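I've put the structures underneath this note.
Presented sequentially are two complexes of subunit A, the first with subunit B as partner and the second with subunit C.
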Partner chain A sequence: MSKFMNSMRGILQRSFTLGLSILMAILVGSIIMLIDNHNPIEVYRLLLEGAFGSTRGLFITMQRATPLIFTAIASTLAFRTGVFNVGVEGQFFIGAIVGTWVGYAFQMPAVIHLPLTLLAGFIGGAAWAYFPTVMRQKLGVNEIITTIMTNYIATFLISYLTNYPMRASATTPETPPVQVTARLPQFVEISKEFGKGSQAHVGIFIALAVVVIMWFIFRRTKLGYEWRMVGLSHMFSEFGGVNLNRTFISGMLVSGGIAGLGGIVEILGVWREYKNLFAVGFGFRGNLASLLGGQTVIGSTVAAIFYGGMESGALSLEWGAGVPRQLIDIIVGLVIFFMAAEGMWDFLRRRKAAAKSGGDAPTAGQTPAKPAEKTEAAGQAAQAK
Partner chain B sequence: MTNAVEMIGIRKVYPGVIANNNVNFSVATGEIHALVGENGAGKSTLMNVLFGLTRPEEGQIFINGKQVHIHKNSDAIALGIGMVHQSFKLVPSFTVTENITLGGEPRKGLLVDRKAAHDNIVEISKRFGLQVDPDARIRDLPVGVQQRVEILKALYHNADILILDEPTAVLTPQETRDLFGVIRSLVAKGKTVIFITHKFNEVMTISDRVTVMRDGKVVETKDTKDTNPTELARMMVGRDVLLRVDKAPANPKDVVLEVQDLEVLDNRNLKAVRGLSLQVRAGEILGIAGVEGNGQRELVEAIVGLRPVYSGKVVMQGKEITHASVRQRRDDGISCVPEDRYVRGVALRATLEDNLIVESYFKEPIGRGMLIDLNQVTEFSQNLIKKFDVRTPSSKVTAGALSGGNMQKVVLARELSLDPTLLIVAQPTRGLDVGSIEFVHRTIIEARDRGAAVLLVSAELEEIMSLSDRINVVYEGRIMGEVSGAEADEESLGLWMAGVGGNAEAAHEASSEHTAETLKG
Partner chain C sequence: MDGSVLLDILSRYVFNIANIQGMLRLATPVVLAGLCALITDRAGILNIAGEGMILLGAWFAVAASYFFGSSMMGLLGGIVAGLVVGALFALFSLKFRAHIIVMGIAINIFADAATIFLTRSVFGVAGGFTDPKIVGFGAIEIPFIKDIPILGELLSGYTFIVYLTWFLVAATALFLYRTPWGFHLRAVGENPEAAETMGINVQRIRFLAVMASGVFAALAGVYLSLGHLQGYVDKMAAGRGFIGMAVNTFGGGAPLGVFLSSLLFGFVDMLGFRLQAERIIPIYFVSMMPYIVTLAALTYFTIRRENARKRAATKKA
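Let's look at the complex of A and B:
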């Protein structure tokens, strides 16, 4: 019974539910399209082709996936420590605006300027995560509520900044462009051919680096161990001497930092200046991608890329077939819905069984623990062979 | 006479273990049938099969002579089978009534009829003598009362065949006697009871027949009157077991732990520990005897650093640690085997490796700088697993997949891996089989002989008396009196535990003398 086989089984099971959810979503999506007078088969074909069928599509997919990878990893990190960070959205914006300021207000050589700007984005996001974290730890206020609040505050704050102190253009609320020394080159800028027709940029490497680093941290470092254990059982971790406060706070700060880093990478690679509300929804989609990916580092990365692909496909659909891109949001929403429904179904079934027997009732507000069932399922899978 | 339950050729395999291997098991209608066996022998698995919580690979089940197919839990419930689980499965934030009626609430139109539920529970608890406040929240209740709620819950769902998986593990002797009364009255009303336990005296007292399991197989089923504890132990373990511990006289050295006039609040902010003082020396075992819920839990949590101290002092080797963090105290050499094995002792969803390293991941050789050396982790874990004979297919399975006894071995292994100066053990053998109890007791005595100060908290008088070099009896958060382990007799300890004996005054004086002495010293 090797560990590898075990994890393979887990992945297979997970892919199965994911596949099923996607199938259901496609079905329901088809009905909606039929009602809207589109041929679903054609739409899906165009969607896939748009996303993965051409080099250009692939580059657009990459471009759209880049910020999502950051926000998905940020959500995953928080989830794993037992926190639902809905504030990824606001942290993304704040990271972007703080980084933008460092990016345009200073002049220095690229080797210093670029890292400094990225760092500023990270710190901006982390700082924005700090307040809800403290509210949770000190006052016991639910982080979902406080992070939603801080999202609103972020929106208003940025609206103010781009309209007044940081405004550069008389006509629209936007900041001055960031210095060339702080920009992340797009692939087209490096070679005229490679990545033509997209704004894909080298930020994807930073995103992938974050993925690798986070994977490593979870698996191989003391900090990662603390994050994981606190998420699995804070009662046990506390008993073992793990400092819960410090672990929660560090988890949230790094989560916010990664979100903020995503924000500034998006600016430096694609926009090069802060336009008000340049990219609403990256945070929320990151939350969803993390859920889709089973709250694991690798899973949520794959989900983020998938999500990016759907968006890229949606863009080409909009141009090519005149299908509104909101349809894609509906389909992705449906995928999530069916996956969540699967979890919900499981939850309800166990709750019902528990009610009758005194069995393992999932506790309200906690991720339901079900170690025994998992091993059990694995056992049955083993037997099936 | 028909058999209420007949299980034939049951086989259940988990990854790496055959939990039930061709098991035949039958229970006559109206009997009390004890099921005993080592930790991990497969008792709970067999009952989970009967209760429809897990499906066997092979085997047939007959209920009241008719073959049945139990595919899921609700099938079993519909057949009149009820089960009280080994580990608590109650929702902590719900009230007793809510927990008992969860899912099957009596209804008035669309609304849940709380009053009816409430009255029904009061009625059942009266009828069977199980006193519970139906409106209390589970998290505020002591373990013993939570167990009572579990039993009530099964009764509430009209079970005819009642499976009790180690119900007495968490009960006080008095509560156990009460439970036996309940069981007898159930049987008198024609119900059938399957009773899992590790305590042979309970088998002898309550059961009509007893089935012994070992390594996933049934060894034998016997009429209780034709057997005795020694024989049961031999059948279970496969060798002769020492039912009593041998130990050399203690050789106490310097004071390691000193608790002075300690006051600690419980979850409801009431004083649970009320001016308690004690001392533990290196190389001795101090036993804290007492009925559960007299402040023992709060005392232990305060010493370990999980619960703030209201007033008073905790001193470790001359250094005050009253407000130190858990980690600091652990660095000072405090280890603890907690009473709540499933909540504090292990993280059920984490692997054994992750469970075993929680106190050493940040230190050499496992921790290196900011990193954790995974090879060291595996080596460290596998050593401990071997040394403490934890029965598991691998160090990478989750702790939740282990049997109760093996889980406790994991906790002990971890807590002793650091060679503690002070070892606190709370209810260390709760739910363990005789073989494991022998092992745990030997381990505790070995720790003492290596020079550790041991603070043993147990509701089990026998355990306290056989292990302790000195015994303090706690009642309502205070020490009622002290005797040496050799002089202790059940009678007087029992009186102190009940708060009787007029020794309270004397005890009080004694403890203030203690304090005065230490102040001088």
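Let's look at the complex of A and C:
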């Protein structure tokens, strides 16, 4: 019971920080809008209305959120095994291109073709994660630098593929369209009314299935337990009973695979062919969504849907009020700044605690690592008195 | 490919003054991005925000040059932008303990969006901004040196930022290896606990290093928007912030190493343009090479370090 209370307290604390961060980002965002001669209240109203206020808006939200759910879950899985997978971006691309190839190059019935294409995307993403993973685990090479490098190699490789061997159009670098048997239907194709004006597609169900499976694995299976333990062991370094290498590598490969699956789902549902560099930034936004959601499966899913909603709202804002849609990335960037700044909130908390205990501020200079912070907290506390 | 073809390619693409000049020009923003990565890396900080810092530096340089009508004001505008971003980055990641990579990604996404937003709201155009009122840097001919055959052509006729970059490479090397501050910086990067015990203020050194990295990145941006082009184009950093990390790794964290490996990148860039024009091989493989070489170098250095560590351990035993 007390464990439950503790975890509830953790969630509450995190939600509180997130709420405050969003509030501060909204405030800073408002200042930017005022300077830019827009009425912030009006802009935020349009933003929410665009994202969640109409059926069409909701469907566009769904469309934008689908790839982000994959990349956010991929990031979360990597975080849990103790790795910052900046490579989600490249794995998403590689999964998309490998899947696209299987999607257009073969002819077979849909029952085989669609699953095979999705599997190809998963394998493509996992394969792209393999090298940085092994480098990290066997040699201890920093995975952040290696995945940044492999992201670039991925973009050049794909530029080559879409410009030369896989190119189908004389005017633009893009592949042939995937066969009808490999496509994920859009809602508007199933029924004329449902999902009109959007390209939302049934890939959202695949995304949600991945969420449920990952949640189940983490909560209920030995594998999920081992992944979490490996993540912790990167911090505590001492560990027994689990084959560390194998568990770690499997975690990273599945993370890459989920990213790749996201890439091919986006192709099969929305684009139906690979346009060179069709979706730069889904990987990085997935990293951010995972962080916003506290690196938990459910949290990052909610954050990805919210992020998708904000993008959908920003699109309608751009069409409707002429406010550049980049505004939303500015605001999300600000939310991350404020949320990541644990120390800023500690500082407020400590100040409150110090005020409560009668200005009994910690002595300055006791811990050499952060003397400036402590003295400042003490000084502030004294002023508050 | 037989020998004569290779010779032909070498003489056309490598031993050719125009090409070497092109290489030096294209390497300049990479050197600056490399110094940005170097100075933080040496302080033990993994700064992936270089890309965003370059964009902000480039944008504010153009804005300042446009409004004040002077390239030096543009330079100043870029530097101030770099200092401000660097200071904010340092404040949040060092003092408020935000995760450094998280901050890096957030700054990159923020800067990308903010510069596009600013171009649209300040100048009312989308995609980029050029205007005759933007004053860029002109080529500088160095007296006497410009008259020396070959050497004159190689060393003279670049913009101010190119010379500033060469100076900064030398200055950074002197700073790192010949001044007490440089010694402190390296100590902080190599062993922060020991540095702390020696009485070095680790936090302050890191704070200053991050601010310096902001200035280096901003200078790369200034070069792109006022030296290379005269105007701002969305996403004009084009990955140079990350390439900076690559050249720093490849150059072994030394200023001269950064300079030389940037030349390699500049050369590949230049070669890419040429090969594209002549349609010999797809440029994408050429563009990919530096990253593959960096990965190989990273693997090699790590294996060598591991082996040395193992040898030391067995000797002790």
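Methods note: the second predicted complex is superposed on the first by the 330 of 385 C-alpha atoms of A that agree within 3 Å, B and C clash if a C-alpha of one lies under 4 Å from a C-alpha of the other, contacts with A are read in each partner's own complex, and residues count from 1 in each chain.
Going forward, a contact is a pair of C-beta atoms (placed from the backbone, for glycine too) under 8 Å apart; a residue touches a chain by one contact, two chains touch by 3 or more.
Model, not experiment: these values are computed from the prediction.
*Asks:* What is the contact status of A:R246 with respect to subunit B (first) and subunit C (second): first, second, both, or neither?
*Replies:* Neither partner.
*Asks:* Figure out whether A:D36 sits in contact with subunit B (first) or subunit C (second), or with both, or with neither.
*Replies:* second
*Asks:* Just to be sure I read the superposition right, which of the two partners does A:L232 touch: subunit B = first, subunit C = second, or both, or neither?
*Replies:* It touches subunit B, and subunit C stays clear.
*Asks:* Quick check on the superposed pair: does A:K222 touch subunit B, subunit C, both, or neither? Answer first, second, both or neither.
*Replies:* So A:K222 only meets subunit B here.
*Asks:* Starting from the residues of subunit A touching subunit B, keep only those that also touch subunit C in the other complex, and list them.
*Replies:* Shared contact residues on subunit A (touching subunit B in one complex, subunit C in the other): 369, 372.
*Asks:* Note which residues of subunit A are touching subunit C in the complex, please.
*Replies:* 32, 36, 84, 86, 131, 135, 139-142, 144-146, 148-150, 152-153, 156-157, 159-160, 163-164, 281, 284-285, 287-288, 291, 324, 326-330, 332-334, 336-337, 340-344, 346-347, 368-370, 372-373
*Asks:* Could you pull out which subunit C residues touch subunit A in their complex?
*Replies:* 46, 48, 92, 95-99, 101-103, 105-110, 112-114, 116-117, 120-121, 196, 202-203, 239, 242, 245-246, 249, 282, 284-285, 287-288, 291-292, 294-295, 298-299, 302-303, 306
*Asks:* Under the stated contact criterion, what part of subunit A meets subunit B in this complex?
*Replies:* Going through subunit A, the ones touching subunit B are 1, 3, 6, 219-225, 228-229, 232-233, 235-243, 351-361, 363-364, 369, 371-372, 374-376, 378-379, 382-383.
*Asks:* With touch defined as at the start, can you tell me which subunit B residues reach subunit A in the complex?
*Replies:* 13-16, 51, 53-54, 57, 72-74, 76-77, 82-85, 89-93, 101-104, 150, 153-154, 157, 304, 306, 325-327, 329-330, 336, 338, 340, 343-350, 354-355, 357-359, 361-362, 367, 370-372, 374, 393-394, 396-401
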